[in-house]
Structure formats: C-alpha cells, structure tokens
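Quick one: the structure is below, questions incoming.
Letters A, B, C, D, E, F, G, H, I, J, K and L mark the chains in the order given here, with residues in each chain numbered from 1 onward.
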Amino acid sequence: MEASAPSKGIFDSANLEKREQVVALLQRAYWMEIETVMSYIAASVNLDGVRAQEIKESLAEDIEEELSHAKRFAERIKELYGVVPGSQEFAAEQSYLQPPEEQTDIVHVIRGVIHAETGAIEHYTRIVEETDGVDPVTQDMTIAILHDEQGHRRLFEGFLREYEFEGIA
Amino acid sequence: MEASAPSKGIFDSANLEKREQVVALLQRAYWMEIETVMSYIAASVNLDGVRAQEIKESLAEDIEEELSHAKRFAERIKELYGVVPGSQEFAAEQSYLQPPEEQTDIVHVIRGVIHAETGAIEHYTRIVEETDGVDPVTQDMTIAILHDEQGHRRLFEGFLREYEFEGIA
Amino acid sequence: MEASAPSKGIFDSANLEKREQVVALLQRAYWMEIETVMSYIAASVNLDGVRAQEIKESLAEDIEEELSHAKRFAERIKELYGVVPGSQEFAAEQSYLQPPEEQTDIVHVIRGVIHAETGAIEHYTRIVEETDGVDPVTQDMTIAILHDEQGHRRLFEGFLREYEFEGIA
Amino acid sequence: MEASAPSKGIFDSANLEKREQVVALLQRAYWMEIETVMSYIAASVNLDGVRAQEIKESLAEDIEEELSHAKRFAERIKELYGVVPGSQEFAAEQSYLQPPEEQTDIVHVIRGVIHAETGAIEHYTRIVEETDGVDPVTQDMTIAILHDEQGHRRLFEGFLREYEFEGIA
Amino acid sequence: MEASAPSKGIFDSANLEKREQVVALLQRAYWMEIETVMSYIAASVNLDGVRAQEIKESLAEDIEEELSHAKRFAERIKELYGVVPGSQEFAAEQSYLQPPEEQTDIVHVIRGVIHAETGAIEHYTRIVEETDGVDPVTQDMTIAILHDEQGHRRLFEGFLREYEFEGIA
Amino acid sequence: MEASAPSKGIFDSANLEKREQVVALLQRAYWMEIETVMSYIAASVNLDGVRAQEIKESLAEDIEEELSHAKRFAERIKELYGVVPGSQEFAAEQSYLQPPEEQTDIVHVIRGVIHAETGAIEHYTRIVEETDGVDPVTQDMTIAILHDEQGHRRLFEGFLREYEFEGIA
Amino acid sequence: MEASAPSKGIFDSANLEKREQVVALLQRAYWMEIETVMSYIAASVNLDGVRAQEIKESLAEDIEEELSHAKRFAERIKELYGVVPGSQEFAAEQSYLQPPEEQTDIVHVIRGVIHAETGAIEHYTRIVEETDGVDPVTQDMTIAILHDEQGHRRLFEGFLREYEFEGIA
Amino acid sequence: MEASAPSKGIFDSANLEKREQVVALLQRAYWMEIETVMSYIAASVNLDGVRAQEIKESLAEDIEEELSHAKRFAERIKELYGVVPGSQEFAAEQSYLQPPEEQTDIVHVIRGVIHAETGAIEHYTRIVEETDGVDPVTQDMTIAILHDEQGHRRLFEGFLREYEFEGIA
Amino acid sequence: MEASAPSKGIFDSANLEKREQVVALLQRAYWMEIETVMSYIAASVNLDGVRAQEIKESLAEDIEEELSHAKRFAERIKELYGVVPGSQEFAAEQSYLQPPEEQTDIVHVIRGVIHAETGAIEHYTRIVEETDGVDPVTQDMTIAILHDEQGHRRLFEGFLREYEFEGIA
Amino acid sequence: MEASAPSKGIFDSANLEKREQVVALLQRAYWMEIETVMSYIAASVNLDGVRAQEIKESLAEDIEEELSHAKRFAERIKELYGVVPGSQEFAAEQSYLQPPEEQTDIVHVIRGVIHAETGAIEHYTRIVEETDGVDPVTQDMTIAILHDEQGHRRLFEGFLREYEFEGIA
Amino acid sequence: MEASAPSKGIFDSANLEKREQVVALLQRAYWMEIETVMSYIAASVNLDGVRAQEIKESLAEDIEEELSHAKRFAERIKELYGVVPGSQEFAAEQSYLQPPEEQTDIVHVIRGVIHAETGAIEHYTRIVEETDGVDPVTQDMTIAILHDEQGHRRLFEGFLREYEFEGIA
Amino acid sequence: MEASAPSKGIFDSANLEKREQVVALLQRAYWMEIETVMSYIAASVNLDGVRAQEIKESLAEDIEEELSHAKRFAERIKELYGVVPGSQEFAAEQSYLQPPEEQTDIVHVIRGVIHAETGAIEHYTRIVEETDGVDPVTQDMTIAILHDEQGHRRLFEGFLREYEFEGIA
C-alpha cells in the first residue's frame, strides 16, 4: 500500500489562496466570539429582575464557552500560518446588544442574543461550506461550534416566545 | 449600643458625586482588563519558539485571571448603581501590544506587557487613593487586583533583564 | 470579505421539507434509543450466572450511554423546530429482546443485542446519508453515536463467537 | 441465644402468594417510573420560555432520579424471584403528560406532573401498606422513594399556585 | 531595625475600652447573621411558585454564606477576648421577614431581604469606621463581609424592580 | 391488580387533624435543632483548653449536621402543607447550654449537650410513635435523625464518665 | 403541645431486659460479619480461573461493605450500653466457607456464600422482628443491612444456576 | 417512513474490498503511532538542558496522547473485522528520530518531530480522502487525530524558527 | 549480555523448602493483622472519654491500614503458591487487648496496643531476616509494613508516657 | 477622566527610602516564619502523650500555613525589588521553642508558641502601621497574615489556661 | 561525625564497569516492557468472547502499568549516564504472543502472557542480584517492578488452571 | 514455627550504640533538607529571566518534596528514640547557594544545586551502608529519598551542559 504522491490537503501549495481565504473567515469568526464575550459580560451583570436572573445565569455560563470558541478559532488561524489580530483591529458590530435604557428590558437582550447567534450561524455555515473537501479539520471544528450556537439561538427563541405569548414582546 | 444616625458610606446621598466618579474609574478599569484579555489571547497563540513557550503559557494562564478581574469590576459597577458599558464603547489603547512583524520577537511582547501592566498599576493606585475613607469595599477589591498586576509586571521585568543581559533587548 | 446572500443551511426556507424529513428520522432514532434503555435495564437485572455477570455489567454501563443518545436526539429535534413525541406514541419493536424463558439463556440476550444494534446502525447510516451536505450538525452528531453502536455490536458479536465455538449457540 | 425455627420473612414458603402479589405491585411501579422518564425527557426539551426554563431544569434533574427509582424497583423484583418485564409489556397511561399544543403552555405540564406524582404516591402508599410486617425491606425502600415523590408533587403544586394567583391557570 | 516599644495594636492596654466596644459591635453583628439564617431557611422553604424558585435557590445558597459570616464574627469575638453569647440572649428584630399570609407573596420576601441587608450594611459600615486605625484585622474581615451584603442587596433590588415595573409591587 | 379506593395515607382528608398534629410536632423539632445550632456555635468557639479542643471540633462538625436536620424538618413541614415559622416565634429553652462562667468549664458544656440531646431523643421518639401507621415517610426520616442524636448523646456520656472517673465532674 | 410523660423508647427502664436481648442479638450479628470478612478475604485471593475472577472481584468489593456492617453493629451495641466483644470470644461457624481442596472449585465457594448469607438473612430478620415497636433505630439500621444481604444471596444463587445448568454443580 | 433497502455503509458486502483497504491504512497508522510513542519516550528522557526541558515536557505529555491514538486505531481495526498486528510486524521507520550524538542537540529532535508529524499528516489526510462517503465513522475519528498532529507540527515549527533566527539551526 | 542459567530466585526448585517456610511465616503474619483488626474495632468503639477520643480516632484510622496489611500478606501467600487459611484456623492470641472492665481504662488499651505492635515488629523482623537474599520481594513488602508498625508503637509509647508522668499508669 | 500625573505609590522614586525600609521589615518577617517552620516541625514530632497529640496535629497543620506565609513575604520582597536572603543570614531567635528536657512537657511548648506568635503579631502590626497610606498591597497582605497569627495565639492561650486551671502550668 | 572519604556508591569511578553493565541490563528491561505494551494492546483489542472480556480488561489495565515500568527503566538509564535507545534498536522477541489464528483462542494468549512474565521475572531477578550492594536505588526500583510481574504471572497461571481443569488447555 | 529468641533488630539493646549513630546521621540529613528548603525558596523567588523561569518552577516544586524528606527524617529520628533538634542547632553549610550578585546568574544557582545534591547523595549513601543488615526500615526509606536526589542532580547536570555547550558556563 504505497502512496504515489502524498496528499497535503489544505497545506498543499496549490491550496494557498484557499488557505488564506479560510484564515480570513476564521479571523472574522474570532472577532464575533470576542465581541459576544463583551456583550454577554455586560448583559449578565446589568439586567435586573427575577426572570432576568435565568437569562443572566445562562449568559454567564456562555461566557466561558464563547471564550473557548474564540481560543479555538485563534489556534486554528495559527495552524494555518495566519496571525491572530491585535485589539486595534476590533470593530464593534453588535449595535443590537448594547445595554438597554431600562435594565429590566429583558426582551431587548433576548432579541439581541438571537440576532448575534443568527449572524454567527450564517458565518459558520459559510465556513463549513468553504472548507468542504479541502480542509476537513477546520470544517469539523466549526461544525461543533456551529452546533453550540444553534442550541443557544433555539433556547432564546423559546424565551422570546413566552414574552410574545404574554403580549409583552 | 444603638447608632444615632447610621452611616451609609458610599451609598450616602452626600456621596453621590463621589460614587459617580468611582463608577467612571471602574468603567475605565473594566476596559483595560478586557483589552488585556484580547492582547494576551493573541500573544499566547501567535508567538513562536522554545523560550516563547514559557511566555505563552504564562499569558494563557493570565487570560482567565484578567477575565475574572473584568468581571469583578463589572459587578462592582453594578453594585454602585452604574451600567457596564457595551461593546461599542470599546476603544483600543494598547498600540504597544499589537502582533509584531516577526512572531519570534519575544522582546516586543515582553515590553508590551510591562507597558500595559504599568498603566493598570497607575490607574488602580488612583482608584485606591480616590476611594480611601469613602468606599472601603471598592478599595479592598482593587488592592487585591493591584497585587496581581504588580506581580505580573515584576515577572516580565525579570524576563526583560535576561534579554538585556544577553544584549538582545 | 462580506457574504452576498448568507447561507442558512438546513434552516433555509428552501430546505423546509428536508428539515421535516430529518426530524422524522430523528424521532424514530429517539424511540429506538428509549426502547433500548428499557431492554437493557431488564436484561441487566434479569440474567443469572457468572458469565452473565460480564454481560450485565456491560449493559448496565450502556444504559447511561443510550439514555444520553436519546437526549441528544431529543435536543436536536427541538433545534430543528420539531416536537419530541410523548409516551403514547411509543410502540415496542424489539420482540427479539424480551426476557427469555430461562434467565440463564445468555445467548438469547446476546443475539437480541446484536439485532437491536444492527437496526440502529442501519437507521443512523441512513440519517448520515440524508443529511449529507444540508445539515452537517445533525450528520456530525449522528456519526459519533453511530460509532458507539458499531463498537457495541462488534463486542457482542465477539461474545457470540465464543458460544458458537463451544457449540452452545 | 439460639433461634428455634428461624424466620425467613417474605421468603418463607407460607408467604409465597404474598410475595407474588408484591412482585406484581413492583412491576406496576417499575412501569410508572419508566413512563415518567419518557414524559420528563420530552417535557424538559419541548417547553419554551424563561419561566419554563426553571421547570425544564427541575425535570431534567428528575430524569436521573426517576431512572434510579426504576432500577431499584427492578432489582427488588429480581430479589423476590420475579422477572423484570420486557418493552412489549409497556402500555402508556400518562395521557395528561403528552406534549401540549403550544410549547409555551407550562400549566399543562405542571398539571400533568402533579397528576403523575399523585398516581405514584397512591400506588406506593399501597405497597407500603401491603408489605407492612411481611417484607420490611421492600417497605423501607418504597418509603424512601415515596418521600421523593411527595416532595416533587409539593413543588409543582407550588408552581401551579403562582399561575392560579395570576389568573392564568 | 529594632523596634523601640513594639506596637500591640488593639491588644494594647490603652485600647481596652475600644476593644470592648468592638466586641459589643461584633456581638450585634453575630445575632444579625444568626437571625438571617433563620429567616432565609423559612423563606427558602415556604415560598411557592416558579419565579419564587429563583428566589428560593438564591436564599438557600445564602444560608451557608450567612452562617459562615456568623462563625467568623464569633471567632473574632473570641480573639478579642469576648464571649460568644448564648441562645437566651437572642431577640428577634426582623419583623419584616416573618412568613407572609400567602406563600406566593414574593414581593413581601424581597422587601424583607432588602430591609435586612440594609440594616447589616449600615451596621458593618459602622464597624469599619470604628475599627479604622486601631484594629485593621477586624476592619479587613468586616469589609469582605460587607461586600457580600452589598451584592445581595443589589440583587434583590433588581428583583423588586421587575415587580414594580409590572405594577405588582 | 387495580386498587378499589386508592389509599392517600397522611394526605387523606380523614387524617387532617393528625396531619396538623404532626406539623406541630415537626415545628417544635425544627426549633430544637435551630437552638442547638446556636448553642453549638457558641460552645465550639468559647471553650478553652486542650481537652476542650476535642469537644470543640466534635461540636463544630455537628453544626452542619444539626442544620441539615433543621432543613429536613422544615421541608417536611412544607410537604405536609404547614408553614415553617419565622424568627419571632423562637423561644430559647436550653438554659443549661448558656456560656459558663469559666470558659475552661468543659463539664458544664458536656452536661448541657447531654441534656439537649435527651430532650431531642424524647421528642423524636414521640414523633415516631405518633406517626406510626399513618405517615411512614415522616416516621422514617425521624428515625434516621433520632439515630444521629442517640449517637451524639452516647459520645458525650462517655466524655462525662472520664471526668467523673477523675473526680472532676 | 406538651408531652405528659415523655417516651424514652428502648432506653426506658421498663425496656431493660429487651435492650439486653437486643444487644446479645447484635453481638451475634457482629461476629457473623467479622467472620464473613475473613472468609471473603481468603476466597477473593485463593480462587483460580477466569470465571473465578468475576467472583473474586465481587467478594473483594463486599469485604469493605461487610466490614462497614460490622462497624455499624458495633456502634449500635455501644449506643445501647453494651460492650463490643474481644477477639477471644470469636468462634468460627462458617465450616462451609473454608478454602476448598482445589482452588478452581468455584462451586464450593458459591455454595458457601449462599449458606452464609442465608444465615445472616435469618438472623437479621429475627432482629427486625424483635425490635419492632420498641427500638425503631436498630430495626431501621438492620433492614438496610438485610437488604444488602438479600441482594448478595440472589446474585450468588444466579451464579449457581449457571453451573447447575451446565451440569457442573 | 420505512427504509426500502437499508444502507449498511462500510459493512455492505459491496464494500468489502474498500473495507480491507481501510483496515490496511489503519494498520499502518497504528504502527506510526506506536513508533512515535517509542521515539518520544526516548527523547523526553535523553535530552539535556533548560530549553530542552520545555521540549521534554511537551513530548512527555504527548506520549499519552499518541498512545491513545494508537488504541483508537486498534479499536477501529477490530470494528472493521481486521486484526491488530503483533510485535513481530513492527519495522522502524523514524531513522530521523534516533538519539543524537550529543544529548544537548535539541535541533535534531525538533527536526525529527516535524518530520514524523508530516508523515502522519499526509497518511491521515489520505485516510480521510479514502473513507469519504463510504466510512464516515473512520473518517470522523481520523480528522480529530489529524487535528492533533497538525497542532503538534505547528508548535515544533515555531520552536525551529527560534533556532533559525538565532542562527543555530 | 546473555544469562547462562537464568536465576529464578524464590521460585527456584532448590528454594522449595525456603518458600514453604516463608509461606508459613506469612500466614502467621496474616492472622496477627486480622486479630488486630478485631481488637481495634472493639477498642475504637468501646472506649469512653475525651482523651479516649484521640485514641479511638487513631485506632479507627488504623483499621483500614491493618486490613490492607492483611490483604497484602494474603496476596503474597498466593503468589508463593500457598493458601490463605480459612476462619476455622483462627486462634486468638491478644489476651492483653480484650475489652477492659471499665471502658474509661485507656491505659489498659494503650498497653495492649504496644504489646500487639511489639509482637508484630518481632515477627516481621524475623521475616525480613529469613527472606534476606532469597526473596527480596517479600522482604521489601514486609519492611514497608514493619515501618508502619514501628511508627504505631512509638506513638502509643508516647501516649503511655503521659500517663506514667501523671502517675496514673 | 484623565489623570494629571499618575500616582506610582510605593514605586514612586520619592518613596525609595520607604520601600527599602519595608523590604527590611519583610525580610525580618520572612525569617520569623522560616524559624517557626523549623520549631513546629520539631515540636510536632518530638512531643509525647495523648493531649500532646492535639497540639502536635495543630502544629503539623500550621507548618504548611507558616511556610505559605514565608513564601508570600518572599514574593513581596521580590516585587519591591529586594532580594530574599540566603541561609547564611539566618540567626535563630526562638530560644524559648527549643526541644524541652522531657518530651511530655507540653506546657513548655505551649508557652513557646505563644511567645513566638506574640513576637510575630507585634512585628506585623508594625509593618501594617509603616505601610499605611504608602503601600496598601503590602499592608493588606500583612493584615491577612496577622489575622492567622492572632488566631493561633488565642488558641494556645486557651490551651495554657487549662493547665493553669489544673495547677500544672 | 565527619566522613573520611565519602562513599559515591554506583557513581564511584571504581564502579564504572559495573555501572555500564547495569545500564545494559536496564536497556534490555526497557525493551521487554515496550514489547509487552505492544503485545497487550493487540491482545486486549483482538480477543473475542465473554471470558475473553475478563482477560482483555486485565490486559488493558496492565498497558498503563507496563508503560510506566518502561518509563522508570528509561529514567534510571539516564540517571546512570546511559542513553535510552531509539526505535531502530527494537527487535521483537515475543513470538509466543503474536495474534492467534482464531481470536477466540484465549489459551494461546494466557500461555503467551505467562511466557513473557516469566522472562521478565528472570531478567529482573538478575538485575536485583547484580546490583546488590553497589546500586541500592536500581535494586529497590527493580524489586517493586518484579513484584508487579510476579503478581501478573500468578493471576494468569490461575486462569490457565481453569482451562486445564476443563480439559480445554 | 515458634521463634526461640525473637529478633528485635535495631531496637535490640545490643544495637544501642549503632542506633545512636544512626540517629546522629539522620539529624545531619534532617538539617541538610531544611537548609535546602531555605535555599530553594530564595532561589525560586530571586531569579530573573525566561530560562530562569524553568529553573524557578522546578525548584518551587522541589520545596514541597524536600520538606517532606525533612519530615520523614524527623519522624524516623523519633521512632529511633532520638530528638529532632531545635532551630538553635542549625548551622548553614550551603555557602555555594547564597543569592548571586546578579539575579540573572542562572549558572551560579545550577552549580549550587548540583553541589548541594552531591553532598546529600554522599551522606545518604553512607546512611544506606551504615544501616545495612541492622536497620532495614531506615535503609529502605533512605534509598527512596536517595533516588529523588539522584534524579534532581542529573536534571541540573543536564541544565549545566547546555550552558557549557553555549560557552556561557
């Protein structure tokens, strides 16, 4: 069972342009996770109320998870010979997740989380598609993270439904 | 032993202006820690080399610690009736901790860490002074964080000395 | 690197029928795991004998694993906007895994387990095929579960071979 | 202090009929717990909403507890020389715990849980009475499980009261 | 660097009266914590309802924390050569935290907790002021406990705001 | 094997008066445990001496145990539809366990503990008798607690014997 | 709700003879457990063979359990004012559990274990009956131990059945 | 939703030749991991020096990881009805990872590790390609292992760069 | 470096008599440990008093240790092709460690423990001497156990000295 | 909120002399802790007797604590740019804690411990005073250690009182 | 007590030849353990059958143990200034432990294990003898490993006896 | 198999002089370990630099190990009826391990550690020789400690070689 010309996959010189494209996609994913960490810290501390408590605890747990996502994206960038960007390249995008006027405005936060997760799901879906057949390692890692985000979004959609049902949202 | 007019400390209406000033100082401290988290993730992944490995592991451990500092500042802001700011208020300041040209340039990172820690030490020293006698809780919490930062800086100063000794830095 | 029309994957409205099909497949997988939990509890308690002890311990450990499979299928159903079915929709299928006449009849149980695992392997293989390219998250989760079931079947096939070798089975 | 004719308790041949009756009661208890496991998995995944989250977490924890009840009933059946029944003997009884029309209908689930627990409490109370004086081991084990169920029911009755108070239930 | 006349701090005979005053303040603090333990046990068990569940769990966790506060005050009394008082010296003060008429009356409990925490915060603030410069150990220990109480109060004020917002409280 | 009229045990309306009587007994048991917590904290801190150290450690461990007894009585009161009483209903009874004149007076404390445990044993024995045949759950729980108290008393009786032997007590 | 003449249960002077009888029963139970420890150590080490391995592991785990039974009986003897007997009062009774001629003779050991467990079950059943209504603490503790022994016996009866089935036993 | 002719995937008789090919590829992967274990043990013990310490610790940790890779390949061979080869079939290939002349020659070891990891990456990339669409379980397992090896290689490439930068390598 | 006639050590047929002698010595050691377990259980439960508490706790911890010694002797007997003796071969020797008249007679127990440990030390010293040069494995294991016993004896000699000092012993 | 001239606290060049003075005080504190470690090891091993056992265990636990104090003083010396002194600078001061004539002379050790703790308390009180307002980090760390030492002294004063009460000390 | 000419033991220049001889013996021991690791991985995965399961689990546990033996031999080689050999020096010797024709042929594996363990026991016995009096550290370490191997062999001899008894082996 | 005149080993009165000699050797060993603790604390804190970090971490871990060596020597002194010496008997010997002029002078520390370990190895080798045949317990314990020290020395010799190779040392 001798290999003729061993396959190098994504590291093959023929795949250079593709690898740089994947790195760029991963850098964007990295910043999405970092911003989510910021937004969730703020929301998990700012909100007031008994029902908010459930949301706050849920977000507080997610901080660790999102940070670990960020680290995994960062390590993959490195493995693909890219550079993890510095803080000056950060640009906030989650206008919908800034602290609300009233800290009891839970619906504002729930909507913001759904918005953010939807953005992540779409971007990660694209990474999965772009890496198909050329970089199975990035693809497999991204699918696992994608699963986490789909679960988060579904949970917060459920939260929203209660408020819609009560006629508040 | 009944108290005549019970002391309310920092929550006393007479201390309103002071409390708002403390909140502002804490918000700045919060952003310093958040940016440090970003910078340390990037550096702990980007650097190359055997000696860099020691630095990378040191920074990787600090990420958790700095994040917990950020959370404690955030919670104190809330306790003082302030609002933890959202991601759009973030403005990068650590120009000296952006990824270097060469990922083997350890001295660049060491100098950047010392720079960042010195900034934090000076700001937290000011918080300790400003809260003296009016908000012992904020003061006590900040002293503990200040101790961590002093220890980090001293460690990296030691790292720098080796390179200076070898004539590299 | 902005995306023109972001891909929504399985959540795309164009994929509605496919998603409903996947939900139906997952509901069936859910019931297969639930029935296996029942069958393994019964077998892990009913069997008598020293050699049976090995089987019993193996099955008792699997109960937790199969239950966790059931939960993961249930959660995925929810994420895909389906509903986890109630107990009235349960219909037993594992006629080959009912308690034997003699509780020392280990071969009966071994054969039943192989039968059940084969059914699961075929059904999960189909899910893997149906989700290929449209729902990588369901596919990836199912592959992991499929691996567990292939391992179980192989183990019990080995058990069976000993009895066949001894002329008992 | 030698015993004249040693007491064999429930294993005495004179108690054969009683033992078979106890086994039948335990088999019914076994199925009640198994069905509860199914119902709680479904409810703990299906429900939507912030308040539902509290219910879901409570039920998710109970799944493990109810499964361990089922196992203990199964083992006791075996110790009394009975046979744990197979999946084909399962017949659903909890019509009141099927998934509701709307997944935000928490009151439906709360009422269902109270209904199910009440059934279990009455059946286990009967086991306690039937085994009194003849099978203290079964009795003691069942009292402990009965305590768990009384606690669950009381908790959900409290949940219901809130909704009644708000005029929703 | 020999000390001329070594400082004994709070143990100096010149500080005898001050030490006795501090002991008296600590004894009062001790009873406040003990009564809080009683009140929180009752409330954490008595309340009914889904939203109450969040409050109950929060209070149940606090029981351990408040008990440890009581122990630390007791040990400090001993270290300052005072005597921890016996149960006959207990006199209830938290009239506002007695069980409400209706066990679904969450607002009653929330208001009671805020009332109790406010009393503790004012008393501990006084201890911090009285010990300033003469007994830094008592001061430091009390600041840490004061931080806990400020955090609790802030949390329950947030709970109250939700009900005020809904027009219930 | 269907039950004609299912037994509701202690929850049967025919047992209403009995249930109220049991609740009253449990409320008294609850206060006994709470007062014991207070007395043991004080004694475990106040006593002086090497031999006292053994007593202090023993009592310090018991604090957690007695507190958990109190919680279990409280939860059972709730399950029986009673209300856990508030701090204003507390009335000290353990005059024999107040701090002694001399904090080295170990015998005073040992006698006090035996006195308190004897009171608890007699009261819990009564609960066991009163609940016999009507509320096996309360009975079973109380027997377990009773066992703990019998063990404590026996231990302290042994302590006392040493002092009697030495002619001190 | 004051008690007229408080019940002392088994410690009542009227129950002195009964208490001494219970102590004697417990001392016998204590020796049964101690001898079982000896027999199980020997058997768990002496046996040879693959199938024996299952038995050896089962017995090796039971050593800890049986030793803990012995300790609980010993402590209960003490609580009832009896004395745990010394090694000179030990007299071997398990002639059927002595090491077999051949260390591969598993059936000999299985039969011996069943014999020993049956003896224990009958003796503990008697303790349960003798303590009924007068010493619920001893009764409750013994029922729990009795459950363990019934489970052990059932397991080894299952082992025996396999060998009977194969025509070896 | 019944399946017409259930898919058997890699176990389908039509896929026999493919399965044998996969087994052969896995056997080679197995030996690569086993040899790596040998090479890393030797290197992790033999190297001398402060900087070597970092390498040694990194390799020492990898031993466990590589051994677990070997076990997973072995188990997969079994699941595909192959046989894990015996020690006589081992043939060393890592001539570049034999102990260097001087035990301070770190660069020799770094280069050897990169060489070995590159071989593994190419071979595992081929397995991923060969199993695509026919054996998703083997593919998924191999992608996870491939990720580990890519990470190792990237780390050691970074080590090499430092030495190249210093002009040593 | 090939061996001419490989050394079999204690398993050499020339060493048969020696091996049987070692087995006999180990069997005696085994019984000494078993009897010590009995004596320590009894003493650790029977003794009364505060100072006794220290002794009781010390002995209670030793029970586990002595039992593990017994198991290690038993396993070594097996490894040397001997048989662990059954309970009928047990003969009590520790007449000096039977329960004293008065359960406060600590000196009796201390003297008994010293007596027992001295016997063990002398016997194990002999094993160490007998196995020197022929069975290093038994020797090494016995030295480790001998160390434990020397430590125990020294501790109890210290206990005795206090009582001698006080003129009680 | 920009700072005019940022405060550097103890690191300010204007505070150089003060910093050197603090370093000298910390070096002395460091040696006090190191000598205490030596004295406590010796005492925790040398003492004989049952009551001594309580003292020995207390000291054995303190060894770890005192060592950690020493390390914290050492690290603070480093952070303030001082040098931790070498073993040749050690000079014994605890003449009162040398091993007594008789190893049962507990009172000698108790008095020695009180003497040593008093010295530490006075020295650390001075550090707290000297650092007030200029080095809050050293102050805060020293207050925490001071608390530990106050607690130790109080405990041993209690031990001494028992002996005084008995007329031995 | 000054030493005249300090003993350097095995590191003495006079012992150079002996040290090299010991290193050679250790290198051979190292390879024996490495090959055993390979053989046990293969056997623990390849075997089929219920009884084989016991063997497989036993071998699977031993893999970790044998690997740790190999590491300890490797580290000792280094400490004695030898070099741990590379993979090219490996030569398989365990022809008797290659995978059997039939994977249900347990007796083949059992015999192979006994063969391998016997070889190890003889070689390690020689190391113990060769190092006697000159290198006690190597001797002590090897005795501990020798004990493990004697235990393994004895266990598998017991397994073999069962099969001989049944007339299969 | 009764012993005529039981061997007392090192405790035999005929071995008194030898025992006192062993105690003296152990006292010296005790002080060597204590001084090493001091030296390693200082070095682990004082050193500066990235490579120093590896050394510092290595020494910081060793502090615990060396302290445990000291404790074991102390306990053995006690078991042999000696007295652990007090702090006034300490005399520093490690002139070669005092803090260097420059805190980046790693080679100074490495040489000092090798020097100290060599002294310990020679002294412990002597203890092993002196105790041969008369005190196997001390011998066995010392061999284990000797192994640790040989390993440390070898590690630091490796560190030194790197610097020699680079021409720095």
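Throughout what follows, a residue touches a chain if its C-beta (ideal position, glycine included) is under 8 Å from a C-beta of that chain, and two chains touch if they have at least 3 such contacts.
Owing to the predicted nature of the structure, the values given are computational and were not obtained by experimental measurement.
Steps from subunit B to subunit E, taking the shortest chain of touch contacts, total 1. If you average the Cα atoms of subunit E and of subunit H, the two centres end up 59 Å apart. Centroids built from CA atoms put subunit I at 63 Å from subunit A. Note: centroid distance subunit I to subunit L, computed from Cα atoms, is 31 Å. Counting partners per residue, subunit J has 51, 54, 75, 78, 103, 140 as the residues that reach two or more other chains. Pairs of chains in mutual contact: A-B, A-C, A-D, A-E, A-H, B-E, B-H, B-J, B-L, C-D, C-G, C-H, C-K, D-E, D-F, D-G, E-F, E-J, F-G, F-I, F-J, G-I, G-K, H-K, H-L, I-J, I-K, I-L, J-L, K-L.
Those residues of subunit A lying in contact with subunit E across their complex are 47-54, 102-104. Contact residues of subunit K toward subunit I in the complex are 21, 24-25, 28, 121-123, 125-126, 128-129, 139-140, 143-144, 146-147, 150-151, 154. Residue ranges on subunit C touching subunit A, taken from their complex, read 1, 3, 6-9, 11, 75, 78-79, 136-137, 140-141.
Looking at the complex, you find that subunit F touches subunit E at residues 34-35, 37-39, 41-42, 45-46, 63, 67, 70-71, 74-75, 77-78, 83-88, 90, 92, 94-95, 97-99, 103. On subunit F, the positions that touch subunit I within their shared complex are 51, 54-55, 58, 106, 157-159, 161-163, 165.
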